[in-house]
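Read through the structures below before going on.
What follows is chain A paired twice: with chain B in the first complex and chain C in the second.
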Partner chain A sequence: MSEVDIEWPWQYSFPPFFTLQPNPETRSKQVTAWKSLILTYCQKTKTYLIDVREATQFALFNNSTINRKLEHNVIISILSELQKTGNATPIDKGKNRWEIYWHTLEEWSSLIYEYISNRGMQNTVVTLYELVQGEDSTNEEFNGMQQDVLIKVLRALERERKCEVILDDDIQGVKFFLTVSILCV
Partner chain B sequence: MRRRTGLGAIQKQKLEQEKYKDKGNEIQEGQFEQMTKQLEIFKVNLEEFASKHKNEIRKNPEFRRQFQEMCASIGVDPLSSGKGFWSVLGIGDFYYELAVQIVEVCLATNDKNGGLIGLDELRTRLINARGQSKQHQEISKDDLMRAAQKLKIFGSGFNYMVQSVPGELSMDHSAILQQAEKNQGFISVCYLRRELNWETERSQKALDHMVNQGLSWVDLQNPQEKLYYFPSLFTACVNSSN
Partner chain C sequence: MNRLKYTSPVLLDGESTVVVENNVRLYDGHQKTSFEGGELIITTHRTLWGRPGTIARGQTCLALHLDLVLFVEEESPSAFSFSRSRKVILHLSESVEESDGPQLTSYYSFIKLSFRDGYTSNVIGVLNDLLQKRLWEPPSPEAPLIPQMPTIKLRTGIVGIERSLQEKQKATDESITKAFQDLSKLMTMAQDMVRLTRTISTKIKEKQGDITEDETVRFKSYLLSLGINDPVTRDSYKSDNQYYKDLAREISDFLLSHVEEMGGMMALTDVFCRVNRARSLELLSPEDILNACRVMETLGLPLKLYQFNSGVMIEDNSSLSAEELSQKLGISVTLAKERLLTTEKYGKCCRDDSIEGLRFYPNLFLTKEE
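Take a look at the complex of A and B:
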């Protein structure tokens, strides 16, 4: 994992932050701080997937300066907390691999739909590659989004009938619909 | 000398004693009256002095401290009442205002320090929160102590920290905080044995209490032994803006 320019909160250099606290009140403060740190870190580093078994490779869970690591099962319990707010999902049964959504899937889908609407790209088919790797979207936050996550985001939009996802062998794309809001005057 | 005897003598003696008593009372009353007069004059003078130097008192922390000391040495507490004639001095207001601001800072930082804050950090935060004018900036630690002592909800017994959560902290806890402050904000059972010659049980009991109070965090990743950290004494926490 490459080192990133991230502004660590004070807790990151506080050694007991890496030990799950016995006092419930303190622990709740600790977990809250971890949740926000994980999301900030993933946003800054554009990390969509965390494999807990390789967690020590992330500076996030391993502060080598103070020689403190966050334990495997503690990470899982914090990620499970993030799951409750729609900010993470385990993608295997052993809960080792986790997708992280610093924006929830719903937030992502409205971001993408807004981008499409602003460019008047409804009713055309866009390939998934174009959407997140294309030159047009380099300044967008969803640029570089992992395909698995992207498909989940688009599926959410699809449920709102705002697009149709096409996943054929020869084309992997999406067609956005023009949604007309009818105002009753 | 021939001793006088008889009823007459006894009565005479009694009469003399009564006269002495009367004279005594008279003198006492005279003294009391004089004292009252003096005190009255003194009060007037002090009041005059205070209102004359009111601005100085509000502005200058050193002057404020000296005034407080002067009042204390003559058994007067200008903060004690908002009603009495001392209220006209407006000294109390200064401290009440400060006390309210202290509470605000304590509440705002409670989340990270568990309700314990060092006077230095408290002072820095207060100065940031108060107005930019010089008068608002000049707050001494002495002022903070006086204001905090006015708030009965605060624990007492510390001369360098303010505790804003309910619960008693004993001398042992105070000693632990002092040691932790010397040691970059953390402490261990062995450290306390070495420095204070405490048995394990004594240290353990006090440390467990502080963990239960949310004042201390435990660190299990030190290879030698369990460490106890105090966010309120940990530099990075004290200096962090949130």
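Take a look at the complex of A and C:
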């Protein structure tokens, strides 16, 4: 993986950071630091998917300057911590492939709905491609979002009855609703 | 006694004086004789006895030729004797010559020399030595020695060895009996004491409230130190407790300087070796030492078991491995590691476990705030 333009925290160059600490107090500080670093890193690099088996390719888990790597099982346990706050989900049984949500699905869905509302695009059908790859959304954070993650975000919106996801073979789109209509008398 | 002769104290050919002792009394067998307070001279050939000054003036004295002495032994002092007096028994062979001594016949085959003031030199050793050397015999290179050997060379013969073994056994037996006389008295006393304390404890139990709390506690502690179960509270304490406490004090006194030398810590195995080496006898079992060390803390002694939290300060921006720490402090690697782990346990350092080995860093996770 290429060099990443990210401001690494001091922990990143502190060798014990890459060893899971046995002291509970120390460990909780360490894990907290890792969690925030992972989210920052994924946000900066727009990484939606991490495969633990290829973790050494990420500069995140492999600091070549001090020659330290984070072990697989430690990565998994930290990602599991992220899962508790809704910031990550394993997508296979072996917990090797993880989707990372630096914004939780709920946060994403409100971001997207806000974007749609601001543009008055309710009651129109938007293709998923248009939504995350289109020219209009290039400045939005969700631009370039992976489709699997996007569908999960939209499904969350769907549960709130704010949209309807259309996943046909030929068209993959979404129709947003006006929230006002829900506030019926 | 009939083997002794009146003779002149002039030394014979090749004879020389070996030992001179004063205030010596002669016994015929077990019988005291009137020959007391005399001067005893042991020469290479004879044993001479004379009244004070007579020998020096060359007057007649009593002489026993060492040829007649079969073997020598010391009479063990009786249990009731407090004097410095020591007695040496000379076992004699049958006299072949007609006696011209103070006594013509004797029932006994031995005489005793009683040293009223003890003796200054090793009389037994000297006599044995002389009996072996047999300096009074003209040096004869050949045969005559051999037939004499079984009768006279007692120290090396089987009979001699057996006899000396017997004597030793007897002496040991006696000393053991003496030692245990006191002990059996103590044991009978102890039984009475146990009975006494039991009755008193029952009384305390009955009269609870009549005596103050303070007194009860104090009395209980007396009972405990006697090694008696307290039937009032049925505590499981025994005299072991007191034993461990005393032991803890002793170990602490002895080890403090050593532990300081070692850098403040010593593994329990080292403690065990050092304490037992210092005691050399009366060795302690590992369990006793462990138990004693356990109570150290409660006694407020300067040492305690697992005193690891005294803490290692690691300078910032540096890391340490157990090996480096052990070299720095001059302690064993195991101890150094134990210290680091304890430091880690208290959150003062954190670990870096890599292929380069386990190293410890100051715990910036807790100390460095963002």
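Here is the rule we go by: the second predicted complex is superposed on the first by the 180 of 185 C-alpha atoms of A that agree within 3 Å, B and C clash if a C-alpha of one lies under 4 Å from a C-alpha of the other, contacts with A are read in each partner's own complex, and residues count from 1 in each chain.
The rule is short, and it goes like this: a residue touches a chain if its C-beta (ideal position, glycine included) is under 8 Å from a C-beta of that chain, and two chains touch if they have at least 3 such contacts.
Just so it is clear, the structure is predicted and the values come from calculations on it, not from any experiment.
Chemist: Determine, for the superposed arrangement built on chain A, whether chain B and chain C clash or fit.
Modeler: After superposition on chain A, chain B vs chain C: clash.
Chemist: A:13 in the overlay: touching chain B, chain C, both, or neither? Say first, second, both or neither.
Modeler: first
Chemist: Between chain B (first) and chain C (second), which does A:96 come into contact with in this model arrangement: first, second, both, or neither?
Modeler: Once the two structures are laid over each other on A, A:96 reaches no partner at all.
Chemist: By the touch definition at the top of the document, which applies to A:56: first (chain B), second (chain C), both, or neither?
Modeler: Neither partner.
Chemist: Can you check which stretch of chain C gets into chain B in the overlay, out of 37-45, 55-63 or 343-351?
Modeler: Stretch flagged for C-alpha clashes with chain B: 343-351.
Chemist: Does any part of chain A touch chain B in one structure and chain C in the other, and if so which residues?
Modeler: Chain A residues touching both partners: 9-11, 14-16, 18-19, 21-23, 25-26, 29-30, 67-68.
Chemist: Write out the stretch or stretches of chain A touching chain B in their complex.
Modeler: Those in contact with chain B are residues 9-11, 13-19, 21-23, 25-26, 29-30, 67-69.
Chemist: Taking the touch rule as given, give the residues of chain B at its contact with chain A in the complex, in rising order.
Modeler: Those in contact with chain A are residues 111-112, 114, 186, 211-212, 214, 217-222, 227, 229, 231, 234, 236-237, 239-240, 242.
Chemist: Given the complex with chain A, which residues does chain C contribute to the contact?
Modeler: These residues of chain C touch chain A: 319, 344-345, 347, 350-354, 359, 361, 363-366, 368, 370.
Chemist: In the complex formed with chain C, which residues of chain A make contact?
Modeler: Where chain A meets chain C, its residues are 9-11, 14-16, 18-19, 21-23, 25-26, 29-30, 33, 67-68.
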